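Quick one: this structure, given as structure tokens, is what I'll be asking you about.
Chains here go by letter, A, B and C, matching the order in which they are written, and residues are numbered from 1 within each.
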Amino acid sequence: MTTDAILVATDVVKRYGKFQALSGVSIRIKPNTIHSVIGPNGAGKTTLFHTLTGTVLPTSGSIVLKGQEVARLTDYQRVQLGMARSFQVTSLFPRLTVRENLRLAAQGVQPGKALAFWSKALLTGVHDDLIESILKRLELSACIDKTSSQLSHGQQRRLEVGMALAAQPQIIFLDEPTSGMGIDDIDAMKAIIHGLRQDLTVVLIEHNMGIVMDISDTITVMQLGTVLVEGTPQEVKGDARVRQAYLGNMITGGR
Amino acid sequence: MNLYFLQVVNGIGIGMIYFLLAVGLSIVFGLLRFVNFAHGAFYVLGAYACYQLMQLGLNFWLALIVGPVVVGLCAWLVERLLLRKVYDLPHEFHILFTLGLAMAIQELVILYWGPVGFNVAPPDSLKGVVMWGSFIYPKYRVFLILFTAVLAVAIWLLLERTRLGSIVRAGSESPEMVTLLRINVYKIFGLTFALGAWTAGLAGVLAAPLRGVEPFMGIEALAVAFVVVVVGGMGSFSGALLGGLLVGIVQSVMTTLWPQGASLMIYVAMALVLLLRPDGLMGRAQ
Amino acid sequence: MTALLCKHKDLLLAVLAVLILPWMLKSGSLASEVLIFALAALGCNLLLGYAGLLSFGQGIFFGVGSYALGILLTRTGMPMPAVLLTAVVAGAVVAGMVGWLAIRQKGIYFVMLTLALTQMFYFIAYSTPEWTGGDNGLLDIPTLPLTVFGHTLLPNKTAWDYYVFVAILFLLVFWALQRVVDSIFGRTLLAIRDNPARCTALGYDIVQFKLLAFMVSGAVTALAGALYAMMTGIAPLTSINYHMSEVILLITVLGGTGNLVASVLGAAFYVIVSDWLSYMWPRWLLVFGFLLMAVSLYLQGGLWGACKLLFARLRPTAAAAQRGEEHP
């Protein structure tokens, strides 16, 4: 069973001064699945993401990625091992074009090459194929030469996901990818995320239960810094504790 | 042995002045979220205000009260008329604006008082020495330590027990908290900037009888304030106290061991602390 | 042809500046001073405008360059080009050390630390008179001709001879920096400046990039210091003090950080205006203090920004095209 998982976190604790954001969270993520993390606000979902991706180092606990202990590695080190993430609040390079945003993202797995003093950035064309395929997948091909600040909110959220994809990771962390999106955009995003399953492992924070219930293979429910329940969508939907945590009516969505 | 003990006590006195400088910087940063590079210039203004007021016939005690207030008033005017416009700009411009202000103040000081410094005499009641058994020590320096100790307690109460203080401490730890407290911070920005300048001016007045006044003392003061804040942590009362005393004592003891290198050792000590503890003595409140 | 010119327009503007100065100014040493401080401003601009680092420590590298050249020329028989190279390397090495200590500190702590370290190096220079001449500085530094295998390429006898020498070096450095800024490294620096959190999430070790930028900046600034020492014949304490850092920063900001040519503008403005004012009023620095405040409040783009605004008013369509090419 342990060899099955691509990422195993054990007893992850995160303390900010006196405040304990995560109190011993354990999670096991299987490869080529969509694993959602849900829970009310303040449950610690984003903090969990931060510790798993290295944006923030955990106070204690073990995080093993593909058999390697990474808990004390920084985020830029974990990217080299096949991890990538998107952010809950869109975090792009507003004054650079979409092409250049993605080029930077693609270059990130070879940061040594980015020290090249001499070669003109946009003329090397090394990442052109990758950039084009990502834009096609995200339906953003028309925007390639626009600056990212010129995109609509929905397009920016898709580019957020694209930034993570450009690293060609094996496991990708998407933090509320559909936040603030309109209905059409949400459906498109749902299809995109579902399609990612073939190539990589997706860990997802989402509030939209329609998406969560429809596309997840496993759901972890968090509350106040701990794991409440973990299981398939059916199991989670029927769990009384989850219903209580969400005050009953939020999880019956889905088609 | 006795000589080193004396130097340590000297170091405590001067260290308290450094502590005062650092705390003023922290208070401004905690609320206004930028570092005032004119802090050293306000220190110089305070020292010169003390000199000028005493030239006009006021005694030291009045200068001690009036001087810093005058400096605070100038700072308040600058904030109301000019500084406000910089808040919405990127951080660099806050610093660059106050840098320009510091340059201008220094030149104005030289313009009015000339490039050569002056001595400032301590008040008659504090001239001479105090004798405690075999321990002989200048009265002014005793006053300095006692006065700044009382001031430190007052500042501690301000930071720990008042609303302004909690905002300063909260602001230093997390900028979002300041907006969440839903206080109209713009109203107290001017007061805070003035308070920061007041502490710098006060430090200047206190230093005047020790060091005299000269136009270039501002940059030295600014640099030392920075050393204390980098080593002790911004917004930390105990950090400013510990850092200030450390710097003061190192400087004073070194004037006996290696007079030419006394100032240098302050910065070497800082570099050593940062090498061993990159987050400063008290750790950073991130 | 016009496309080629457009691509290299910044370099052409630099060449233009180099050609205009002798025509504008009567003094060769003043013209050299403009280019020397333009070099220093380029070093500062690389940090401020591209890496997003506000460094109060540029005086350190200027001074290191000055002292390195001064010590080597007055005490050894090293050929001048080798001395210049050593000064440049010294600048890079010191910048590496300073950067390693300072860059690990975040945000405002970095800025404060660079100021404190400037004071430290000032006091180091002050307390080691055997090396630096202490208060007096190093004196009688010769201005040597540029010779290669015994053939004199540039005699450097007169002030204008020296200007040619400085101008050539300046243009070489300008060209090199332009390439650095347009390179993958340069673009990554910009990204780090604009969104460091995103960059670490993408896999970049930000400290490494900033450190490298710091070392390039230190090298260029040290070259400026060395050329200045050789021109004036002295390496005084004022080359390494806080005021030097202050002035370099002032020049960079007055010129503007949007573009490398801006640094030339800033240096020309400062050197020429301060020279002119200093005849009339000893407190001329006051004017620059006010200017810095005014630029911070009203004209953040500096002189270059003002030129762009003017250009936009006069030729709106051409300006829009240029905006697309300027770095963000």
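Criterion: contacts are C-beta pairs under 8 Å (C-beta built on N, C-alpha and C of every residue); 3 or more make two chains touch, one makes a residue touch a chain.
The structure presented is a predicted model; accordingly, all values stated were derived computationally and were not measured.
Taken chain by chain, the contacts run in an open path, each chain touching the next and the two ends left apart. Centrality annotation: C (chain centre taken as mean Cα position, compared with the mean over all protein Cα atoms).
With each centre defined as the average position of its C-alpha atoms, the distance from chain B to chain C rounds to 32 Å. In whole angstrom, the spacing between the mean C-alpha positions of chain A and chain C is 43.
Centroids of chain A and chain B (each the mean of its C-alpha atoms) stand 47 Å apart. Within chain C, not a single residue touches two or more of the remaining chains.
Residue ranges on chain C touching chain A, taken from their complex, read 179-180, 182-188, 190-191, 194-195, 197-206, 208-209, 212, 328. Put simply, chain C touches chain B in their complex at residues 48, 54, 101, 104-106, 108-109, 111-113, 115-120, 123-124, 126-127, 242, 246, 249-250, 253, 283, 285-286, 288-297, 300. Taken in their complex, chain A has these residues touching chain C: 53, 55, 74-76, 79-80, 84-85, 87, 91-96, 100, 104-105, 107-109, 111, 113-121, 124, 147, 163, 167. Chain B contributes residues 29, 34-35, 82, 85-86, 89-97, 99-108, 110-111, 219-220, 222-223, 226-227, 229-230, 234, 260-261, 263-264, 267-268, 270-271, 274-275, 278, 284 to its touches with chain C in the complex.
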